[in-house]
Amino acid sequence: MTTQKSLLEAISIGKRFGGFVALDAVDIAIWPGERVGLIGPNGSGKSTLVNCLSGATGSDTGTISFDGRAIERLPAHRRTRLGIVRTFQIPLPFTSMTVVGNLTIPLRFAARRHPEAKAAESDIEQALLILEDVGLRDKAYESSAGLTQVEMRKLELARAVAARPKLLIADETMAGLSNSEVDEIISLLFKLNDQGIAIIMIEHIMGAVMAFSQRVVVLVAGRKIADDVTDVVMRNAEVVRAYLGE
Amino acid sequence: MVTFNLLLNAVVTGILLGGFYAAVTIGITIAFGMLDIVNIAHPVFIVMGSFIAYIVNRTFGVDPILTVVMASPLFFLLGVAIFRFYYAAFESSGKGSLRGLAFFFGILFVIEVTLLLAFGVDYRLVQTSYIGPNVGFEHVDLPLRMVIPFVGSMALVSGLHIFFSHTFVGRAIMAVAQDEFALSLMAVDTVAIKQLAFGIAIATAAIAGGFLIVIQPVDPSLGREYIGRVFAICVLGGMGSITGTVIAAFLLGVVETVTSTLFGPSWAPAVSFAALLLTLAVRPSGIMGR
Amino acid sequence: MRRIPSWIWPVAVAVFILTLSRLVENEYYMFAGYVVLQYIVLASAWNILGGYAGYVNFGSAAFFAIGAYGTVVLDKLLEPPLVVAILFGGIVASLVGLVTAYLTLRLRGVFFAIATLALAIVLQTLVMNWEFVGGPLGFYTIRPDSIAGFPSYVNYLFVVMLVLALISVLVARAIERSFVGRGLAAIRDNELAAECCGVPTLRLKVFATMLSGGLMGMAGAPFPYYITYLDPNSAFSIAYSINSIAMPLIGGMTYWIGPVIGAVLLAVIQQVATVTISSELNLMIVGVLLISFITLAPNGIVGLFESYRQQRHRRPGT
């Protein structure tokens, strides 16, 4: 893995909110096609890190490079177009649009970087294919405002996929779902990974993280305390203490 | 000729005016700063208070400030009623922002035109013993009609500050302002608290109205002049901060008065609004903003 | 049967009205019609930013007045043809929109709304203190007696405004159906999600503000010739600001036809009320309608029509 060039390289990311240090010189690197879990107790800075990586907020310090480009100055929509796509903990569908309509937005605005991008007509076709993949095809023409929880999570993922990501950051996609629903989402993420998309999974459900990730990064109080292969991290005493000591 | 005396008087008058502006704005600090309700109609409630003071003063000779203090419970109830309606119609449906804004805009016009139809376009004033005489210190001549409202405003604002920081209800309101969701999870009736807060906000409008008509004659459309001022002060002061509101109000009062003195009163409206634009462009979190 | 493209309708109506204007002799209709058409422009323009993107502009009067006073300035310096004044007004207004947008659109929508309010007052104060355009006393424009090709100058103004109304409606329609319109809708629904889906939110919002402001400026440009005497209170009249919001809201904000319906309805009601009852009552009527619609029918008349159609659609089958 180390001979390959990294996809995402974030060095020394720092972020403060007033006097509160949310992130303290965090380094994180992701290689193409990797499956990485990002875990940590509540308030450890995971969401802040995601926001800084995706561009929703700017980081105070540090550099981020993606695919060889420095992106820390770029606004979020540019980063999305380059291939970093994130989902939201609380799904944010475009409620005035249908399910398939939701996907046409990233298809039109983010995925067009490919030279073979075609006209609006096939946007719908592409959208329907993606919906097929996530299991929402039969809800395609319904309003996105009336979906169930797990359907909304799937829509979030579908919308992220429609942006043709190289790196997908799935922010607590499975929180509050039933066991079978969690399995659905995990198999979906595996399917996406098979297509070559690197995935950072942020979760509190340890079973899911262990089943999915090749590597796990652990944040506690804004600092990275572990970054290694899943088995090794899960046995790390400090990690165990961070969770059980809470 | 700008003399030191003139400038000093302008600054001191500006401070008196600023104190009054704080009372005018405190209702918005509560409604918008704390509760996120863009009550753009707030100034028209103030004018309503002024006109009530006017009628009572003209008919019974009662002091305007006394009148509005006694009328404030009615305004409180009015605020509660309006909030109830607003909440039922808009807040629960999610897309509150635009609709709530337009709703209050509509209220602004309905009330203003009602006042216009009832009282006509003329300016109205009140008669009290303290409108007219001045209080003189060395170099400085202060009109009592500004001093009394200043004192009243400071009392009102200080009282509210104590209320919000030291009483249970007041702290509950501040808690709702900071994290409503968390509070609702703790089985706190956040709607009742917000209702209460909005009622208080409208009640302050009534009292400010009494101060207003002591300071200057009032006509139905006077509220419009104040819309920008109150939002400017609220934003400049850092949204939900009472201390910030007071500081910003003093600042604005002084700058306005000094500008008026140096360049003429026709420039005064531009001051607050230019300040607002500047604040939004440069430091939207305001002076005391989080 | 091939479907008739919907842009045909506004053009056809415009041509129809144009023909009528040649036949009707009573100039009163030109005067009254001008106001209705003016509001169609203002309402359609407002809706591009307000209805499509969800950003409320409280200062339509400011952009309108920029157009009006732009004409006054040009008139004093150059005496150009009206079309030039219209372009000038549109460009200046859209530049002002650019600056305002860029300064405030990175904040929440409600701050933009407040900033537009502030803008209107600042500009009005500046104009009041500007002797060159007459300050608080105003400025008299000489309306030309006639112009080639038209029975009277008033008729010419009417036709000019008719063309502007047609342009704004077609522009609004074009935006609505383009990817720009989809992007604005995404911004309206959830700006954060839109940004993270690749929508260049700031750029689109600034564009919409410039377009909206520019159209409003164009609507204001012929005003001095229409009214022959321009003073800050009439140019910056709050009636423009509130009507620009009320008309799309009452007509319906999602489609281009909504502002048109709202404009025609409200403008006619207000004209009638001014003549029969009083002009103060105008704002009251608008205020009451605003509150009623915003509580009971937030999707406007078009929305009511749509839900009525949906209900009828459902009943036979179910």
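For clarity, chains are labelled A, B and C in written order, and residue numbers in each chain start from 1.
Convention: a residue touches a chain if its C-beta (ideal position, glycine included) is under 8 Å from a C-beta of that chain, and two chains touch if they have at least 3 such contacts.
Since we're looking at a predicted model, the values are computed, not measured.
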Mind having a look at which chain is the central one, using mean CA positions?
C
Does B-C or A-C have the larger number of C-beta pairs in contact?
B-C
If chain centres are mean C-alpha positions, then the most distant from chain C is chain A
Please compute the C-alpha centroid of chain A, do the same for chain C, then give the distance between them in whole Å.
42
Give, as an integer number of Å, the spacing between the C-alpha centres of chain C and chain B.
32
Got the chain B residues that touch at least 2 other chains?
none
Multi-chain contacts only, two chains or more: what residues does chain A have there?
95
What does chain B use to touch chain C in their complex?
38, 85, 89-90, 97-99, 101-103, 105-110, 112-114, 116-117, 224, 227-228, 231-232, 235, 266-267, 269-270, 273-274, 276-277, 280-281, 284
Under the definition above, what is the set of chain C residues touching chain B in their complex?
50, 54, 56, 58, 103-104, 107, 109-111, 113-115, 117-119, 121-122, 124-126, 128-129, 136, 238, 242, 245-246, 249, 280-281, 283-284, 286-288, 290-291, 294-295, 298
Chain C-facing residues of chain A, complex:
54, 56, 75-78, 80-81, 85-86, 88, 92-97, 104-106, 108-111, 120, 159, 162-163
Counting only contacts in the complex, chain C reaches chain A at residues 179, 182-183, 185-186, 188-190, 192-202, 254
